[in-house]
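Chain nomenclature is as follows: A, B and C, assigned in order of appearance, with residue numbering initiated at 1 for each chain independently.
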Amino acid sequence: MSAMPAAADPTRPTPALPTPDDVAAALEAVRTRAPLVQCLTNIVVAQWTANTLLALGAAPAVVDNPREAAELASVADGVLVNLGTPYAETVAAMGPAVAAARGAGTPWVLDPVAAGALSWRTDVAQGLLAAGPPAILRGNASEVLALAGGDGGRGVDAVHTPEAAADSARATARRHGTVVAVSGPVDHVVDAARLVRVTNGHPWLTRVTGVGCALGATMAAFAAAVDDPLLAAVAATAVVTVAAESAAARTAGPGSFAVALLDDLAACTPEHLAARVSLA
Amino acid sequence: MSAMPAAADPTRPTPALPTPDDVAAALEAVRTRAPLVQCLTNIVVAQWTANTLLALGAAPAVVDNPREAAELASVADGVLVNLGTPYAETVAAMGPAVAAARGAGTPWVLDPVAAGALSWRTDVAQGLLAAGPPAILRGNASEVLALAGGDGGRGVDAVHTPEAAADSARATARRHGTVVAVSGPVDHVVDAARLVRVTNGHPWLTRVTGVGCALGATMAAFAAAVDDPLLAAVAATAVVTVAAESAAARTAGPGSFAVALLDDLAACTPEHLAARVSLA
Amino acid sequence: MSAMPAAADPTRPTPALPTPDDVAAALEAVRTRAPLVQCLTNIVVAQWTANTLLALGAAPAVVDNPREAAELASVADGVLVNLGTPYAETVAAMGPAVAAARGAGTPWVLDPVAAGALSWRTDVAQGLLAAGPPAILRGNASEVLALAGGDGGRGVDAVHTPEAAADSARATARRHGTVVAVSGPVDHVVDAARLVRVTNGHPWLTRVTGVGCALGATMAAFAAAVDDPLLAAVAATAVVTVAAESAAARTAGPGSFAVALLDDLAACTPEHLAARVSLA
C-alpha cells in the first residue's frame, strides 16, 4: 500500500540521517511544490497556522467540517489533524479526513494537543493512531508519553523533558511505523531506527500561542514535498527554529517576535537554513 | 421593495462610473457613519476581519449563531456572509440573517469561499443567492465562475484569471441584479451595465490569510454607507489595495506587512485615497 | 464554603483600598505563580487572549467543549467565561465549567459580551450569574446595566458611560456578592463597599478587537494569584492600560499598537506599574 510509511517496511533500507543540505533541499521542495495543506486544527491558532504556511510558500486550507473534510483530503497534498480545540462536529470530520488521506497515499500529521491531560481528546487521538499511522506524530514530551501509555501533562504545558520522552517516542515510532517528533528546548525526532536532535530555537517560542500547532502544519507541508517523513519533521523544525533565532535577535518582546517570525520564515533561503541549522 | 438593489430596477438610470472623488467620499461616509457590520464569516480570519473594520472606522460584530443572527441583522447596517468555514450551526444562521437583512432593507455581501471546489458550501452559496441577491457577490475568479455554472478552483486558490471571469461575472450580475467583484492582480467590479477595474495592490496580499475575506466585510461597511453598491465594492477594494501599496513599501515580509496594513487603513485619508487609486 | 467571595461574608472586614504597591505585588504574584487560566471565550479573539496571558506570564488553555470543560476547570487556577460568540456546544460547556470551578474554590470571571443587546446570551449570562457569583463580573457600561435590569447596548458597543453604570454596578456587586468591573475611558471597579477608578488607558484600545475580552482573562489570572478579587480586577486593568500608554507612545496605528501592547505587557515590571498606575 502506497500510504504505508517507509519505516514500517522491513524490506526497505533505512534512509540516511538528514544533513543540513538535505534540510535545505527540503525547503526548496516546499517552495517549488507549494503544497495544499488541509488543516483540521486548533481553531484558536488557525490564522497563525495559515499565515505560517503562507509565509513558507505552502497553501493552507482550513476545512474541518464532516461534510467536506474527506472531499478535500482526497485532493490535498498533506493533512494536519490537531486536537487543540475538539468539538463534536470537527472531531466527526477527522476520521473521514484521515481515511481519505490514507486512501490517496497522502501524508498526514497528528498533533495530540493536551493528550493525557484531558480524557476525550486522548481517546480521539488513540483512535486515530490505531486506525492507521500518521506520517508524523508531533507533540511535547507529556503528550507523546501519554499516547505511549505514560501519564499526561497539565493542559498544554509540557511537564516532562524531551530527553525523558525519547525512549518512549522510539517505542511509539516502532509500534506504529511512524515518525515521532518531540518538541522542547531541544527537539527530538525519531523513527524506528534514527534519532535526530535539532538544537536551534529561542525561549520566546513558548510565549506565542500556536507555534507548536503551526509546526505540525509545517511538518505536513514538508511531508508533502519530500519522501522521507523523518527528514520532513526535521526540516520543518529547523526552518521554524532557525527563523526564531533571527527574529528574536531583532525584536523586544513576544508581540514583535511573532511578527518577525513570519517575515523570517518567508525570507529564509535554503542556503541560510543549511548554514544555521544545528543537528545532533 | 426597498431591499432590491438599484441595478435590478430598469426604470432607474444606471449610476455613473465611480471617480476617484466618489471613492474618497465613500471613505469619508464610512468614517462618519461608523456602520455596524455583522459578520457571519470564516472563523479563521474573524479577528483579522474585525481589526480591519475597526481600523477603517466601522464597528464589527461577529454574531453567527442561529439564535441571534437574525436579531442582530435586523438592526445592523450591513451584513457579511462568508462561507470559508461552514459548520452546521453557523450555516443554519445564514438564511435567517439574510432574510432579516433583506426585510430591513440592509445590504448584505456574499463571499462564497472555495465555491466550486467543495460541494456543500457550493450548494449553500447557490441557495443563498437564489433566495435573494446580495448587494455584492465577492470572490476570486474560480468562485465566481463556479456560481455562474463553470467549474471551480482548488481549495481557496484561484486558478482562473479575473479577466476570464469578467464575462461570466457580468452575466451573473444581470441574472441576479447584483454587483459582482472579482479579486485578482487586477480587481474587476461589474454590475448589469458597468465594469470598473482597480489596478492597485501588491503580491503580498496573497501571503496573508484572510485579506480577501476582510475585503468582503469592508464591502459590507461601504455598502452600508453609500447608495451605489458598485461604488461600495470599488471603494472597499481601493482602500485595501492602496493601503497595501504603502504598507508593502515600508515592510520586509508578510508578518510586518499585515501589521502595517492595519495602520495604513486607519491612516488613509480620503485625499490620499483619491490621489492614489487607479481605476480603469 | 471556600468558594464564596470575601465581600459576601459580613463577618469579614472589608479589605483596604488597593494601593499602587498592592497592584505591583499582584503582578509579581502572577509572574511567580504562572496560573493556568482556562478560557471559554469569544473564539474570534481567543488567540489574542492567549497571547495576552502568555505575555503576562500566565498559562492559557482554551478548553470549551462540554466533554472536557469541567475536567479542566477542576484543576485550573482561574476560569474565564466570555459570551462573545456563543454556540450550542460551547454554551453547554459553561455551566459545568463554572460548577467545577466553584466546587474547587477556583475563581471565575464572567464577561457578558453584548448582554442586553442580544437575547440568548443575556439569558445565558443571567443563568450563570444566578447559579453562583463569579469572583468578577466584567463588562462595559451597557452590559453591566443590562444584567442589573437596565436596557442594553448596540452590539458590543457601549452606549452608556461607566459613571452612569457605577451605581448599578454597586447594586449588582451587593446583590451577588461579586466584584463588578466596568470598562470605559475611566475604568470603575466596585465591590459591596469599595470603588476604585483606574484612569490609565488610550483610545486605541477601542480600535483593536478583543482587548476587553483579553482583560477579562487577565482578571482571571490575577484572581488566581491574589486573594482579594477587587485587587485582582484593579491590577489586571492597570497592567493592560499602563502597557497601552507606553505602546501607543511609540506606534503609529492600531496594527503596530497591538503588537507593541504584547511586548509591553511582557516588559512591564512591578516597579514600572507602581510608578505609572493612576488610581482614584
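Just a few scattered comments:
Assume a contact is a pair of C-beta atoms (placed from the backbone, for glycine too) under 8 Å apart; a residue touches a chain by one contact, two chains touch by 3 or more.
By chain, with names taken from UniProt: A, B, C = Hydroxyethylthiazole kinase.
Keep in mind that what you see is a predicted model, and the values were worked out from it rather than measured.
By the residue-number overlap criterion, the interface of chain B with chain C counts as different, with under half of its numbers used by both chains. In this entry, chain A maps onto chain B through a rotation of 120 degrees when their C-alpha atoms are superposed, rounded to the nearest 5. Taking the mean of the C-alpha atoms as each chain's centre, chain B and chain C sit 34 Å apart.
Counting partner chains per residue, chain A shows two or more touched chains at residues 43, 47, 89, 258-259. Those residues of chain C that touch chain B in the shared complex are 43-45, 47-48, 84-89, 114, 117-121, 154-157, 206-210, 251-256, 258-259. Those residues of chain A that touch chain B in the shared complex are 36, 38, 43, 46-47, 50-51, 54-55, 59-65, 67-68, 71-72, 75-76, 89, 258-264, 266-267.
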